[in-house]
Structures are given as C-alpha cells and as structure tokens.
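This is the structure I have questions about; it appears just below.
Each chain carries a letter (A, B, C and D) given by its place in the written order, and its residues are counted from 1.
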Amino acid sequence: MNFELSGEDAAFRDEVRAWFADHREQIEHTRAVDWEAGGEAFERYRAWERALFEAGLGAVTWPVEYGGRGASMVQQAILNEEYTLADAPNRINRLGLGLLGPTLMVYGTPEQKARHLPRILACDEIWCQGYSEPNAGSDLASLRTRAVREGDEFVVNGQKIWTSLGRFGDWIFTLVRTDPAAPKHKGITFLLVDMHSPGIEVRPLIQIDGSARFAEVFFTDVRVPVANVVGRVDDGWTVAMALLGFERGGGLYGPALFNRILRDVVELSRREPRGEGVAADDPDVRRRVAQSYIETRVYELTVQRALTRLARGEAPGPEASLNKLYWSEMKVRLDELALDILGPRAELGPGSPQAENDGGWYGDYLYARASTIFAGTSEVQKNIIAQRVLGLPRE
Amino acid sequence: MDFDFSSEQYLLRDTVRDLLRRECTPGAVRAAWASESGRSPERWRKLADLGVVGLTVAEEHGGAGMDEVDLVLILEEAGRSLLPEPLLETTAVGAPLLARSGSDTLRAEWLPRIAAGDATVTVGLAGSPYVADATADLVVLERQGALHAVTQDRLTLQPLRSVDRARRLFSVTAELGDDTLLSTSAAVARWAFDHAAAATAAELVGVAGAMLDMTVAYVKQREQFGRRIGSFQAVQHKLAETLLLVDSARSAVYYAAWALANDTPDASIAASVAKAYASDAERRANAEALQLHGGIGFTWEHDLHLWLKRGKALELQYGDADLHRRRIADWIYATAG
Amino acid sequence: MNFELSGEDAAFRDEVRAWFADHREQIEHTRAVDWEAGGEAFERYRAWERALFEAGLGAVTWPVEYGGRGASMVQQAILNEEYTLADAPNRINRLGLGLLGPTLMVYGTPEQKARHLPRILACDEIWCQGYSEPNAGSDLASLRTRAVREGDEFVVNGQKIWTSLGRFGDWIFTLVRTDPAAPKHKGITFLLVDMHSPGIEVRPLIQIDGSARFAEVFFTDVRVPVANVVGRVDDGWTVAMALLGFERGGGLYGPALFNRILRDVVELSRREPRGEGVAADDPDVRRRVAQSYIETRVYELTVQRALTRLARGEAPGPEASLNKLYWSEMKVRLDELALDILGPRAELGPGSPQAENDGGWYGDYLYARASTIFAGTSEVQKNIIAQRVLGLPRE
Amino acid sequence: MDFDFSSEQYLLRDTVRDLLRRECTPGAVRAAWASESGRSPERWRKLADLGVVGLTVAEEHGGAGMDEVDLVLILEEAGRSLLPEPLLETTAVGAPLLARSGSDTLRAEWLPRIAAGDATVTVGLAGSPYVADATADLVVLERQGALHAVTQDRLTLQPLRSVDRARRLFSVTAELGDDTLLSTSAAVARWAFDHAAAATAAELVGVAGAMLDMTVAYVKQREQFGRRIGSFQAVQHKLAETLLLVDSARSAVYYAAWALANDTPDASIAASVAKAYASDAERRANAEALQLHGGIGFTWEHDLHLWLKRGKALELQYGDADLHRRRIADWIYATAG
C-alpha cells in the first residue's frame, strides 16, 4: 500500500500540470463563453480540444497505434484530476473520445477506424449519442427507431431524445431496430449516421434550467450506408453495452470535482450570514459539511482502490454501478447542502442581483438530480449490484 | 375532540378548488412566469369576491371574520395549484398583523380595501434578504426588531429573479420613520413569523400532495421493461413512504392553524413542528417525483418543474427544517426538567 | 375543529383517572413482579385484570350485551392514555379482549360466545395466538399445521411459533390447514384449541434479550371438536384477516407511550455526562430530540385525526398500515437515540452496576426493532399502502 | 499509487481467517459468553504463535515488527469472527503505545512478554466509563489527561455485564502515582484514541461484512409468497445500498491504517472518517440484517444476535459517528479559509 505516485506517474502529472499552467490564458478565454451559443464560441472549444490533441492529451488512454499514448487508467485519473484543478473547459469531444472511439477500436471495421478515429482525435467532427427515446429510458432495449434495409442502405425513421451536442454534431452513433420480429434485445443495430444527411431534424430540448444542452433528433427516411453498421446487423445490443461500459466504468468520475465543490461549500458557509454570525457557526451546517467531507474523501479512496485493481489488469465489472450510485447520490447531497446554506437566497436565479454565483448552485443542483437518472438510474444500478455483485435471484 | 373540518370549511375549500382549477391551471402559472407583473388582477378579484382575500379580516371591516383554521385548507389549495398571488402575504400574515397591531386609523384605512380586493399587503420579516410581492400597496417590514407599515412612496424596489418565476421577489429599501412604525414588540414579530411559517407549511403540503398525485398517476401508466413502473416494489415503497410523510404533515399543519387561531401556549412550537415536518415531507416528495418521472421531468415542457421549484423555494422560507428543529430543541430544554 | 374533550368524554377520563389513582397500590404491587415468573406473580396480573373488569374497564368498547360498556374509540383512546400515564401493568388478557373477543362477536356461534366471552372478560381463561409458523412469517397463508377431520373432531398436527403467553395459555386460537389441495388462502380453518388437550407441548422460545415471553407450541395428534371452528371450515382466512384488522387498526398505539419515552429521553439527556457537560449540550442530541418531539407530536395528532374519522362512523381501512408503519419506525429511532445518548454505557445489561435503568433501554430498543416485523413487516405495510391506498398495480 | 495489500499481507490474513474459522466458530463465541473468564488462553496462544499478537511489536522485542496496515485486515477478521480476545486492546493500541511512550525499562519488561503471548495489555481512555479486559496484566489508564501503565496489584476491578457477554468490561479504580505515569502528552493520548478508533472501525467493517454475508445467504434461500425473498426488489435495493456502505467503509478503514502507520498530517482525521463511516455502515447492515431475517433473527438460538450486539457495542466505542463528525467539522473550520 502506497499513496505516492510512481516516478513515471509523477512525471506525467508534472507534465500535465505544467501544460495547463502554460495554457491558463486559453483556458480562461475558452471558459469566458458558452459553447451553446454556437459560432465563434463553439469554435473556441474546438480549438481547446485541438490544443489538447496536439499536446498528446486529447485521448491519453488510446493506444499509440490509434494516436493516443497508451496511458494507464491511473494516468487518465491524474489527467482528470489536473484538468479539474486547472478549471479547464468542458469537453465538447468527450462522446467521440471517451465512448465511440474505444468502441470502434473493438468493434469497428478497418474502414470505420480509418475514417473516424483520426477525425475524432483532432476534433474535426463532433459526435453525439442517439440512445434514449421518449418511451425507452431505463428500458433502453424497448427503442422503436427503425431501420429498413434497401440494397446497400438502411432507411431510418424515428426519434431520439437527450442528445447532447445535438445542434453541433456532425455524426451520431445510434441504436435502431432492424428486426421488429426478434426478441427485444435482438434485432437492434448500432449505426453511425451523418447528421448532415437529408431527413434529419434537430430540435433543441429545453431543460428545466432553461438551457438547451440537449436536443431531440428526428429521423425521416434518412438513408445510411450499410457500411456504417458497427458490429453485426441485429447484434447492436452487444456493441451498445460495451459502449455503456465505457460510460459507466471508464468514467470513474474524478474525485477532484467533488473535492472542489466541497471546498466551495465550506467557503460559502464561512461567508453566508446566518443570524448574528455565519452559516459555519450553525451546528447543522457543520454536521452536514463534515458528512460531505467524509463522503467525498471516501469516494476518493474508493476510486483509488478501483484504479489499483484496474492497474493490476482486473477488468472493470458491475462494481462500476457502485461507483455511479455513490457519486451521483453524494453529489445531490452536496448541492442540496449548498442551497440550504444559501437559505432563501438559493432560489435567486441567473441575472438576479444578490444571487450567489449567478444562480450557479441551483443549476448544479438540478444537474446533480439528473445524474441519478442518466446512464442508468439509481434503481437500475441497485438492481445490477444486487443481481450481479451479490448474486441475488431475479424475480 | 374533533380533529376535522366542518362541512362549511370543506365547502369553501371545494369552491376555491373549483375556481383554481379554472383560473390557475398550469398554463395560467406559465403565463404568470412570463408576464410583466406575474399577477392577474382578474383572478385576485375573483378570489376577493369569494371572500378568500378578506377571509381573516373582521366583518366590521368588510371581511369574512374567519380564522387560521378556515384559511389553512385554502392555503393548501393555493400550494397545490401554485397560485401566483400574494394570498399568504396578504391574508395569512399581512391583514391579521394589521388587525392585531395597527392603530385604529391604519386598520380602518387598509382592512376594508384589502377585504374588497382593492389593496394588497405583503411582509418582509427578518432573516429574509428580500420581500415577495413588494409591489403591494402596503409593505410591512421588520427592521432592527421593529415592524413598519410602509407605502410605496417610501420604498425603492429592485426586482430579483427567482428560479420559480411566478415568485416575484424584490430587494427593498425603505425610508422609515415614526410615522411608519407598526410595532416594536418582539412578541408581535414572532407572532408574524409563526403565522408565515405555518402558512408556508400549509402551502408546502399542497405542493407536496400535488407532486405525489402527479407521480402516482405517472407510474400507473408509464411502462418500462414490459410493465407499469408503478408495479415495481421499489417504486411502491418509495411512494408509500412519501404518502406517509405528506399525510402526516397535514396533521401538523392543521393543528398549527388551530393552535394559532386559539393562541395556545404551544402555538409557536406547533408552527415549528408544521414547518419542519412539511419541509421534510415536501423535500422527499420533490425527490421522488423527479426521480420517478425520469427524463421527462427534466424538460421545460413538462409541468412538473413548476411544482419542484415552488416546493424548493418554500422549504427555505421562514426557517428551514433545521432552524425549526433548533427552535424546538431550545424550547424543550428551556422548560423545567 | 376542537381539541377539547366532550362533556361525556371528559367525565369518562375523570372516572378512569380517579380509578387509577385509587388503585396506585395495586398497580405498584403488580408491577413489582414479572408475570413471566409464573405462579403468584402471574396471579397478581390476573387479579389486576379482574379489578379492571369489575370496574367496567376491562373491555370498554365491547357492546353492553357482551358485558362491555359500548364505549367509543375515542374513549378507548382516553383509557389507553390514562393507562400509560398511570404506568399500569402490562395486560395478560389483551389477546382475548382485544382480538378474539371482537372476532367471536362477529363470527362465533352462540355457543362459542356464551362459552368464551364471559371467561375472557373475567380473565378466567388466558388466550394465546397461534398464527405464525417457522416457515410462515409474513406469508401467513403458507402455514402447514394441518387438521384432519375424523367424525366430530379435527386431529391437529404441526407447530406454531411466537406464541405470546404460551406457557400460561388455557386456550389458543389458531389457523390450521384443512384442505391441502385448495389454493393457499382457501382450505385454512380458524380453530379454538384447549391448551390442556393431550398432544400439546409448549416450549419456551428464548429471545435475543434472554427472556422467554414467547413460546413454540407443538401439536401432535391433538383432537379438537368441530364445534370449535370459528366461521366456516376452510374459510378461516376471512376470520383471520378480520382478527388482524383488530390487531392493526383497533390498536392505534397510544401516543402517551411515545410521549413518555420522549420525556424519559429528554431527562436522560439532561443527566448523562458528555465531555465537560451533559448530552443535552450536544447539538446532535438536541437535533435528534427535536426531531423525535416532532415525530411523536405528529403521531399524536394523526391518531386524533383517525379517531375523529372513526367517531364519525368511518370504517378503519388500509390506513391502519400507515399508522403501524409510522409508530414502529419512530419507536426504533427513539430508542436508538436513547442508546446513543448513553454512549458506551448503552451496552451495560441487566444486573450490571452503572447500567442505566438496569439495561431497560437496550431491551426497549430490541423490542422496538421487533415491532417493524410483527403484525406485518414494514415491507408488507408499504405494499398494502401502495396497492390499497395509492392504487398502484400489483406486479 | 497502490491502494491494495501485498500478497504477503493477504496471505497472513488468510492464515488468520483459517485459524479463526476453526477456533472462533459461533459455538466458540457462545462458549465465551458462558464461561467464567470469557477468554481462551489456548486460542490466544495460537494467535501469538502465528505472530498475530505481537504483530506490532518490534523485532528486537520478539515481535513481527509490522504496522497498522499489516494489522488492519486481521482486525477486520477479528470483527468478522467476533473474536473474544483483547486483540484490539493489546496489539492495535496497548503494545504500540508502550513502544511509543514507555521507558526503555517498561518496554523491555513488557513487550517481549506481550509478543510471546505471555502477557496482555489493555487500555481505558477518557470518555469511556469502563475498561474492556481489565484483567489484563497491564492496564493503561487515561486519568486527568495523563496516561498511566498500571499492574493488577494497584487495581480494583468491578465486573460489569455487557449485553454482548463476550465483551468483558470492568469498572476500574486504580492507585496511581509517579511510578505508574506513562505520558502526560495530550498528543500521545490523542494518538492512542486515534488508534483505538481506527481499529474499532476495522472491526466494525468485519462485523458489518459478516452480517451482510449472512443476510445475503439467508434471503437467497428463505421463501415467502412462493418466491425467494432475495428476489424482491425492495430487498435487493436495501442490500445493494448496504453493500455500497460496507465496501466504501473498507476504503476509509484501510486508508486510516496507512495514515496512522505513516504518521501523516491527516492521520487523526482519517481515523475519524473511518470510525464515522464504519459506524454508520455497520448500523445500516445491523438494521437490514435483523429486518430481513425477520422473526428467526430475534431468537437466542440463531447466531445473528451475536453480531448484532457486537456491532452495536462497537458503534458507540471510541466516539460515535456524530462525535467524529464534530471532530472533522472542527478541523475543517480550524484550517485557514
């Protein structure tokens, strides 16, 4: 047992840290705008992705043959940590780099890899994800978007929802039903679709925070070459699950993020007036802050244990569900604590004088609440833990 | 012993519910979010005509001369329908406060107009950084331990923006003087706070009940994995626990109204019990409602967020659950062993 | 709305209170021993029951025709309240008075009523309950004790568990399977069995607090007259459920009990040393005491609402499950709080110097934990609430 | 970075586990409940022969010269098997404390005997009204801020009776003097408390893990309503949540051991994190274990209560979760903004 970084890992951390320090200006320049505004704002984020790519930091765990540096999960975690500490911009390219790229490496044809991987790496093309449908949430396999083969093409009709970056996507990886007669999990195909194809309509999906970070994507007679199938026709569920594995497990959401939020909560409690003093004098606030410290610290430690196992070559398993369940529920408590510290001020939203952080805490809180739903609800995670980790019988 | 409402009280509640079903639909609430004032003079007039606005004003001043018990079911309905009007401020707190502490002149000047629906009154008590509906004709402000009744000509308002856009909040600067002074009594300020906390608890119960009902209806029809999600045991147990909290909160809220109406020795504590319990119950209902609605609940288009945001705002008004628990603990340990 | 007692109810309360005051000595005399010791100790409790009976307080809600006074549920609640305030002894006769009596009034034959009701009322015969079996806990209907008809008799074989007062019982009301071929809920018969019959063996069941307040009852070829069937043969489930209704609903566990426990917890916190001061200075103790005050107070109010509905003639419904769920979970929190206030002292058991209340808090805590299991587990109560109150679909 | 144990550490853990499977069965624990001393000199000897008792004693004194990290897995096993011996007191706290603060003479006198299994040592720190295993050859007592090392000839013991009868507790009166003085340093007392809290957390994780395992096994075979109760979603979700807590507690406990072994600046806080988290996790496991076992779990005959009672006792030793949370809060707010 040893919590020091190895020489190699320490060198990697130093390299990364130095690089972020050198790029402080670009970080601030990028963060000064919201990519959602599109146009020049979006291009700043693309430029940031390219800067990461050029520094060899775009996709460090990708194998060298695909343009990565074959870094370990520990190094990925170090990068994530430094990324958070540097307060670097949100990544518009994460779906391509984190999800589709690794999936293509396993299931893609040589042509697909050659066509897409370099463009993902260089952020030349933005990818979005077409999984969820209005009637297929937790029960993803009940999806209805259908694709009918006509010669060398599939003709796609249907609707996807909760498509992040939908308005900016050049391509979408999506699940379509190709055999309606087959059992639910069969007859699904994993398809790469050019978002500029005729018949695709993207409508912004306004969320309860008033933003439109997601979109609905409608497919009307969209023609997609059969060559764009990843894996085998009607066997897309296998590919889809592998990709979700990268989402749930590969993520190992960075402890640095929660540590930073906790630090901000503590600072907030030191400032926020409460009666004659500040919130930090309030024993209930102190108890909850201490509990959040405990939870964030234990999260960090649990991630380090998991990374050690991964570094030893153990495959990520259903334990990823424990990780997702832990951080998503913890995050809700953290953000809820912030609102409770703010008290009546918590409801003051963006653009309001007197709003703390321009209402950012409330936005974070809403986003946290979404995190117990997306990528597998807490209920689904508990089912997985019970059945696959504890071995309890299915109903 | 009779812990229930009279048939007259239920009748009034039903009448108000019917009115609000027509006049305070989710669409109407969205209209309040979007409109300049956020308020509907027509709707206020209808409420006044029903006797709701002046419910707590004495008959001699043109009101209904009713009390907190008569009002509590109406406040629950206001919460349930997200009524975007200053009913709590005017009828549950402002008017009774003027009646209790105002000079004869002040009462004669304002109470009849309030009861008639021609004037509104709001309150800004200590502990809150803003005043809701501060555009009211009369604003009662707590400053340095004293209560003042201030008209608009002595006020400077800066509008704030709540996440719940139906709530119209203002930062208020006032020119106070002896002529605005309403009361210097700490007991009166506490009385006002108790009324505000108990009334907020009543609204919270309404908000929570509405969210629970919406969620029960949703899980009865939403299918996943080939079955209605309401048939999953985990879903059933969450909703059963939520129902228990919400229904128990009603007991606390109704009793607080009775205790305030009868000025019992435990009235302050009853108000704290109500606010603490209702805040926790609403928080749970809020959590389960969004979790069980899933993605659809996160869309602007779905109405659920109107309730989520109102509930969250009210949880933190007039003392959150922790504050009221501390108040109760101080009372328990202050009483003789 | 009015929290004053009516004139009639106030008079009843005054009568009851005065009677208890007059019987202080007998109360203390009775409570000085544990009926579990049997013999003279047990007879003191029987004498107490008879004193209640003679005062007309044994079964106030029983109709006048059966020897009760036809009192309302409100009066029953008043009696319960005064009973607790008077710190009166546990009632050895509660199963007969509270459960079997009301059931016989509805389902019993004239002979059964004439035979049993007077003896229940006078505490001449002690009743115990034979419902649970080792393999039939929450799933009561899966019971296996069987009764085979031979002429005018049933021959009973099997085993019951968790039989309170089993060692002292003269009679047991029990559920037996009379038609093994019928569906689970059919083919069960409700039977009254003389505990002095040959073939009955009672073994004390030692619980985790070391006491033996329950027994196992073994039936080996026990012969029971067919005339002892309550309701119809094979239709015992109907009778059994009616009886459980009295257990779950009629109970409306007295708020006075919880109020008294809370008062004791507060007193304990004022005395118990904690650092430089006492536990009552500890903000965590204060918060939890306040929360328990809230919960006990709300319980009391909710019971008053329910009593009002009953007084207006509404039938008790599945809402009884809400009541049971509420008080049983609250009681665990209350007793757990007491242990936490005691800290390391909490584990000191009976007979230990330095033990608070001779270890009584720990015993209460264990009993509280049983209360989320007996008479329908919390899980079963939630199923009932979800399906019968909220109308959610069964699986 | 390597947050895992070495294969040697796992090997030792497995060896101890095998020993305890034979020597510390539930039957053996029940024997400890019933016997006069509650202890088994033979078992202690076997543990000493394995090097477990002297694990933290330096090699120069005949011990294994290992540290808190080596010990933590053994403590978890001790918790898991409810080992009724003063391993925590002797090996996790007593011996290291003597090594750290004892005079050369004291160390030379006691440590070799402890390592050989010929003497035991226990501790009675401030905040506890009793001393566990106070019949030990040497008793370290904290009195008025000072630590004393006291032999039996200077002690008067009054046996107490724990609900967990395997725990042998005593009220202790001691004749203290300069000759018994071990240390007057508050830092040393804190160091001892941190070690005791962290070691208790390790045992709690073992106890909780055992209860979880028993319960999972039980719900896999127990049938109600025609199905195994482990197939009910409500049961599955409770156990999934419990597993998350128990497994997360391991992270906290293992790290605390490392922090104490390496005397890191955050060692005290790491011990508090471990004790708070492990206490809460055990409480949850305790609650679910009994609830899901149902009636059978309430019988004396079933072994579950042996774990329930040990877990409950350990929750409240060396600071409950709330105390450690307050300690953490004080530390957070004491550090510079």
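In this section, a residue touches a chain if its C-beta (ideal position, glycine included) is under 8 Å from a C-beta of that chain, and two chains touch if they have at least 3 such contacts.
Since this is a predicted model, take the numbers as computed values, not measurements.
Of all the chains, the one whose CA centre sits at the greatest distance from that of subunit C is A.
Chain pair with the larger contact count among B-C and C-D is B-C, by C-beta pairs in contact. Note on chain placement: the centre of subunit A and the centre of subunit D lie 41 Å apart, centres being C-alpha means.
Rounded to a whole number, the gap between the C-alpha centres of subunit A and subunit C is 54 angstrom.
Of all residues in subunit C, those touching 2 or more other chains are 284, 287, 379, 382, 395, listed in ascending order.
Under the contact definition stated at the top, the residues of subunit D that touch 2 or more other chains are 232-235, 237, 322, 325-326. Across the complex, subunit B is touched by residues 132, 134-135, 137-139, 142, 161-162, 205-208, 210, 282-284, 339-340, 342-355, 359, 362, 366, 369-370, 372-374, 377-379, 382 of subunit A.
Subunit D meets subunit A in the complex at residues 1-6, 69, 216, 219-220, 227-228, 230-233, 235-237, 239-241, 243-244, 247-252, 254-255, 258, 273, 276-277, 322, 325-326, 328-329, 332-333, 337. By the touch rule above, subunit D contacts subunit B in their complex via residues 232-234, 237.
By the touch criterion given at the top, residues 127-130, 158, 160-164, 167, 169, 171, 223-226, 232, 234-235, 287, 290-291, 294-301, 305, 308-309, 312-313, 316-317, 320, 322, 325-326 of subunit B touch subunit A in their complex.
For subunit A in complex with subunit C, the touching residues are 283-284, 287, 395.
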